[in-house]
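Each in structure tokens, the structures are laid out below.
Two complexes follow with chain A in common, the first pairing it with chain B and the second with chain C.
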Partner chain A sequence: MTEQTTASAEDLAAAGADQLPPPRTFAGRFLASMWTANTVTVTVLAVLLALVIGGILIAISDEAVRATFSYFFSRPSDFFTLSWDKVSDAYAQLFKGSIVDPATVQAAVNGTGPWERVFFPISETLTYAAPLALTGLAFAVAFRGGLFNIGVQGQAIMGAVGAAIAGFLLPLPVGIHLVVALVFGAAFGGMYGFVPGFLKARTGAHEVITTIMLNYVALFFLGWLIVQKGIQDPERSDAISKPVDDSAQLTHLLGFLGPSLRVNLGIVVAILVVAAIAWLLRRSTFGFELRAVGLNPEASRTAGIGVGSTYVMVMTVAGALAGLGGATIVLGTAVSLTGAVIGGVGFDGLLVGLLGRAKPWGVFFAALLFGALSAGGNRMQSFSGISLELVGVIQALIVIFVAAPALVKTVFRLRPAKVSGLGTGMSKGW
Partner chain B sequence: MANDDISLTVEPGEIHALLGENGAGKSTLMNVLYGLLQPDEGEILVDDKPVQIRGPRDAIAAGIGMVHQHFMLVPVFTVAENVMLGAEQTTGGPIGFLDRRRARKLVREVSDRYRLAVDPDRTVEDLPVGVQQRVEIVKALTREVDLLILDEPTAVLTPQETEDLLEIMRTLKAAGKSIVFITHKLKEVKAIADRITVIRRGRTVGTAPPDTSEEELASLMVGRSVLLRVDKGASEAGAAVLDVAGFAVNDDRGHRAVDGVDLTVRAGEVLGIAGVQGNGQTELIEAIMGLRPVVAGTATLDGRPMHGLSTREILRAGVGYVPEDRSVDGLVKDFTVAENLVLDIYNTEPYGTRWVVRPEAIAESARARIEQFDVRTDASGQATVGTLSGGNQQKVIVAREFSRPLKLFIAAQPTRGVDVGSIEFIHRQIVHERGEGTAVLLVSSELDEVLALADRVAVMYRGRVIAVVSPDTPREEIGLLMAGVTTDDPATARTGSEDD
Partner chain C sequence: MTASTVEAAQSVVEPVRYWTRQRKVGVGLAAVGVVAALLFGSLATSRKAEFTLAETISGSAVGIDGTVGAVVFGVLAALAGAAMLVTARRWFGWLLGLGIVSALISFLCWQLSQAPDNLNTIPLGSVARSSVTLALPLILGALAGVLCERSAVINVAIEGQFLMGAFAAAMFTTLAGSVWVGILAAGAGGLIIALLLAVLAIRFLVDQVVLGVVLNVFALGLTGFLYEQLMAKDQSKYNQPTFVPEWDIPGLSKIPLIGPALFKGNIFLYGAIVLVILIHVGLFYTRWGLRTRAVGEHPAAADTLGVKVLALRYRNVLVGGLVAGFGGAYFTLLSTTNFNKNMTSGLGFVALAALIFGRWSPIGSMLAALFFGFCSALAFSLGSINSPIPSQFLNMLPYIATIIAVAGLVGRVRAPAADGTPYIKG
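Here is the complex of A and B:
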């Protein structure tokens, strides 16, 4: 990310030479580069713009604020004060719920409150972020390989199924059990990604169609599976599976501070996998093939690269990543399979992958942002009475603005950066 | 900047040739005249009055028409429908029925007046390329233009079709129309032009009368004297390296594109395939490279059958390949120069293994090859290939293919869209490779290129090799062969195989 910033600073100095004198100091060049339409700037401004529009929605969805409309022209100040109170409170809660609440820090320092409360928001953020980083990568890796993987949700479901089955059916010792369960999750997801990859390589079936359909297959397979004998929890009458054995659960990292801190080894797994994928894309033979095929399948084929087998491998790896994402949920937080065990983490993975511009560490930071919005959204709902759906709206707006960089550039009148590749990246899959 | 301070004057009833290498700025200049690009400075005068041309509509209103290098026709429409496109006439008042009858009549009138022989009711996709081009001319003429711009009109034509086009241009001139004829082919310029303006690197370097010698024009074009012929000794042809027998291959739509071809390429010789584009050359080569299924026939490399080998196995067996369309098949444009230089060997030592690639080793070899093949780019090879000029992109491909030991080198249109300097360089490389005992199969739609490089010339027409002749055969005779006219003289011509 820093590389891109400096690169565009140099470009600006070169490109803007005939219009403006290039800023001399490093800080000047840095600020100038921030105001060109590079990736980081556009992303940050997209988030900002989404929060502004979210704020407007918060204001007009509030009844008290709407009541001021009737006398807006006689006393407009009421509208503005009320709106400001409402929106600033909402975003304050969003921050307190996702990063840290200063009041709890003070209490902990004074010894009047537990440290558990201090770490709760960040623990929630990381808990949400871990599976999102993995499903985001599942989309990103396929995207870099020239494939549009809409099937992340289905692959994540299959991963959760695989991990849960290994988690409660295999009697294995502590340590090994967890590793085996994770491997099962990746393997189930990988097999489920292999299918559309194989169909594409062999028959040319478009992966968008096949993966969307396979999402349904996975969803209803899960619904069927959790009421089967041997899977369903014998002590429950509703559709829920047996819980995963303790030995297969992801260790809670901050469990010693209090039971509410759910952050677990999943985030460690996610970071390791992000680093591994970054290495894979850059330094491995498979990564070279994946990038070549993703950018130009015809030239790759002409140079002797097996395009079909690369597609199969790409989808298998993507499916394994999604499966791992599903596994971290069932082994980390959910513990039992239910019909909605992974929620929308697969579909959110598409957004995270796009927001992270299909780059491993970009995906990781996008996952942190989405995790923070989810964690903070919970608090915003309970403290400010704003529905959780609004967080979904803000997430969607961020992705829309990132996908339409021209919009952000126009709104903020950014100077064009030479290293852009912004608009093209998003539409390449089609 | 593609154009820098260019002045050009075209008189009424004049054929004015605009001569320049690829990338000299000819097309840019004409796109400015046609309103597709806006000039930063300067003005356009029509009949001594300044005009503003903001788009093709303004250009047509000012009496300027253009026939693009790539035709702007809707293939499934008839000639009349194509001609009326964008200037539809309707009847029936507000309901607006298309007046096809009037369009047909108009096409017929224009076609008769200028002897273009275009039938308004034929579907465009069924017409030969030469006729499609005449449809474009009709389209311009029905807009009542006085100045017609022809952008590289002969690039896709057979020698005979070119003759017909030149005849049409004379007719138009006699009718008082002015023509700007953009080309880089010296012979045609000399045959037809009243005046010649030479452009180099976006500047006019001179205006010459048509009796200027070809050598003078060429050196004006390039800015130095150029070898029009390639220096090469006699070939010392050895054993057959590539042997193709009874080849049949289909095109993308499932139609038979190669229909029973027999070919032999021997070590140390260049076999040139001449032919108008679209007569099966592309499909033949793709099939040899394992990129397209072979319907019938066999190919052997050094006596070993190639059937069932993957493209990678064929490349690794010592075949070098320069594909016809470098931006689609030759290069990954968003990859760096260094990565493109190892696109076929990235997983072999020292660049990588089955599992890892070594960016340092790839970058190091890129530095050496950029220097050796005179690729004009950042010396480290870390620039994206898409940012290079066409000639330098092509040099990257040539450098990649020539950096392995080769038995057979297959080059399709190796110098298309490449500047003259790079053409010379690539030609020298090919001749050098031939001297090393490599068998070379060269496909080019530029007859001059085939004649300059080849030791034997195979002429392809409608999916068959209709003759294999010596490069010293008169151009006219090869031109006739390219149009499918075979002579019966067994000494110079040999008919292709008939097993289909």
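Here is the complex of A and C:
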């Protein structure tokens, strides 16, 4: 609905604007198409805009920069050079912390530094990206089915609980143990997703309310569980569970280069699951029914699709995905359950799902971007003294701009083109 | 045309089913009553469970033997449930209320009778007072939602508006040394998010649920960032707000139970009461309200009759932002002493739930918020009588109660017909 109306608004705007004749050469056409509002261009420009606004925030929140305000009109150059230094330094750290630091490459090539340092940033990025891809997918799958799953956080918590319990309570051999722990994570998350789906199908209780409430229930449950006998680490007095057995931990992929490279099998799990969900949505009967219900539940019911049972299935699958996301954290990096074991990975999953336009591979790339921002944000915080919260602001801004292609188009005066927006289901409102 | 004919035909042939929602609820309530009588009755001790209307546990109280109370009130709840089977729709609300209150008293008899000596009294006045206080931000947040959603703009960003309001209130109260400046700033803080919401939703047609979720993250990041960069570095300069003054209404504040709850308040309490009344009257008895509802249900029809749809939506969303920002000030000027990152901890979402639970009406939202506040207050007082139930499960109580209420009692709710759909003229 929104997509259609947006398109019609675009057409109106296009009719008014004076159209340039299409360029003849291939290069000309390529350049022209780059400046139309296609999905890639809008996303890139959205990231750019978000970074610019983030830069403004960095500048005005810096005390030295604010000191130059008092004599801005007599010597504005001070303000601009100081701001530029501050912002460019911050973003340079962001890059070095998420992709690669050129200095470490140089050192490694010269033999004066370890290769471990070279791969550290990319390892961190992938470590953060793996659970985000899964929780993003948990949101996206439900979104495609016309459901707004705010409960990703709670489902991921339950997944982490399930995986951890299987990880330190079940004595199983290497290999099988890890698989069983992951399955437990998915099962716990799936059961927790089943509840709101079932309530929606049977009683019509709105999934937004029930999933929000279940997030809190999961959080309190986790808080209770980790101080119970048999769960709490007997050697610790604070609220922390026993560590997961080594046999259930996700193997570190680059462990041979050095112990600080945390990237683990989680990212492989994430890629496999993304591929599986892409197939599921596109090719399977369930995927077809899911999309149909998401687009138009009334029409689907008329066509003989069980809307209620689809909702239950959708939420169960979404919960299982979120649970798997929580499981990769506790089996990969956290090792023990604590009150904040999964951090905000469930809520970030909402943004990742939206940024990925609720498409599996889109979600994966969005997770990589968010993972990179988180990894780089850590370095930015410790090297430039910019609070990590800025990353949250930038992430939110990126999604705002991506969700508002009309805004990006206006700012950059792009030519209209078909943008794949977030058209499914939700534009109907509640 | 065809659709309505089909519907009419269906409604003629469809027989009246025996198992209506009311009867199902009745069975559920009867089961709860039986369980209460058996379980709480067997767990309770024969010591006294005392109830007092005062705010403190000293003073006169009504006492009842724990086991007897738990069994008697459990049976009463079961009877109320059974009566529903007979009466069906009639007196449904009264019977439901009676049943729930009885089940609750049965539960309290058990809890109080096992509490240590001199703690086996529950001060109902204090429970009432903290129920209302805890409900205040939820009422204000839900009212902001009512304003937006009645004119068909979904507002999931209440949480973000709370945070901006709380932050602005803390910062400007400290800078200016006056809570009134802080409250104005809080309104402005909520307004910023509302402005983003309005422009992006109405002008740039962004999906509104998506937008709300993202604006929450934006507000969380922005307030957190500014907190780290400014407040954390110099708390005494930026982050030491004072409390809002308490205004007692002479005479009325002496009434037991409702006196301390409703007439010993502050700007937030009286503001919330006034706003609930104003918005209720405004929405259902004034020209503005009629237009707002028309824009929320059928904007094209309203437009045909000359209502400026977009202008009205802008105005309502912005006023909603002011109200939610004011509600945010509660967190820094009343409930705690200073601003902290993510201090609203998702209560904006609870306000949203109260809005839906209250079926998009000001009074309904208020009652839903009070229900939630009561559950929180009850969990708090059970914690203070050394309840054998772990504190984490007591903390779950308001959330689980909301799920049960929404799933069991409210069921399918109907939003304003155009809610969430942008309006494009022509």
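In this section, the second predicted complex is superposed on the first by the 398 of 430 C-alpha atoms of A that agree within 3 Å, B and C clash if a C-alpha of one lies under 4 Å from a C-alpha of the other, contacts with A are read in each partner's own complex, and residues count from 1 in each chain.
By definition in this document, contacts are C-beta pairs under 8 Å (C-beta built on N, C-alpha and C of every residue); 3 or more make two chains touch, one makes a residue touch a chain.
All values reported here derive from a predicted model rather than from experimental measurement.
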When both complexes are superposed, which of chain B and chain C contacts more residues belonging to chain A? C
After lining up the shared chain so the two structures overlap, which partner does A:Arg283 touch, if you call chain B first and chain C second: first, second, both or neither? first
Please indicate which partner A:Gly255 is in contact with in the superposed arrangement: first for chain B, second for chain C, both, or neither. neither
According to the stated criteria, A:His206 is in contact with first (chain B), second (chain C), both, or neither; which is it? second
Please work out whether A:Ala303 is in contact with chain B alone, chain C alone, both, or neither, and reply first, second, both or neither. first
Please indicate which partner A:Gly175 is in contact with in the superposed arrangement: first for chain B, second for chain C, both, or neither. neither
Of the two partner chains, chain B (first) and chain C (second), which one does A:Pro102 touch, if any: first, second, both, or neither? neither
Across the two complexes, what residues of chain A are contacted by chain B and by chain C? none
Within the complex, chain B is touched by chain A residues 282-288, 291-292, 295-296, 298-306
Which bits of chain A are touching chain C when the two form their complex? 1-2, 5-6, 8-9, 57, 61-62, 148, 150, 199, 202-206, 208-210, 212-217, 220-221, 223-224, 347, 350-351, 354, 387, 389-397, 399-400, 403-404, 406-407, 410, 421-422, 426-430
Mind pulling up the chain C residues that touch chain A in the complex? 152, 154, 196, 200, 204-211, 213-215, 217-218, 220-222, 224-230, 341, 346, 349-350, 352-353, 356-357, 390, 392-393, 395-396, 399-400, 402-403, 406-408, 410-413, 415, 418-422, 424
Could you pull out which chain B residues touch chain A in their complex? 289, 291, 310-316, 321, 323, 328-335, 339, 343-344, 346-347, 352-357, 359
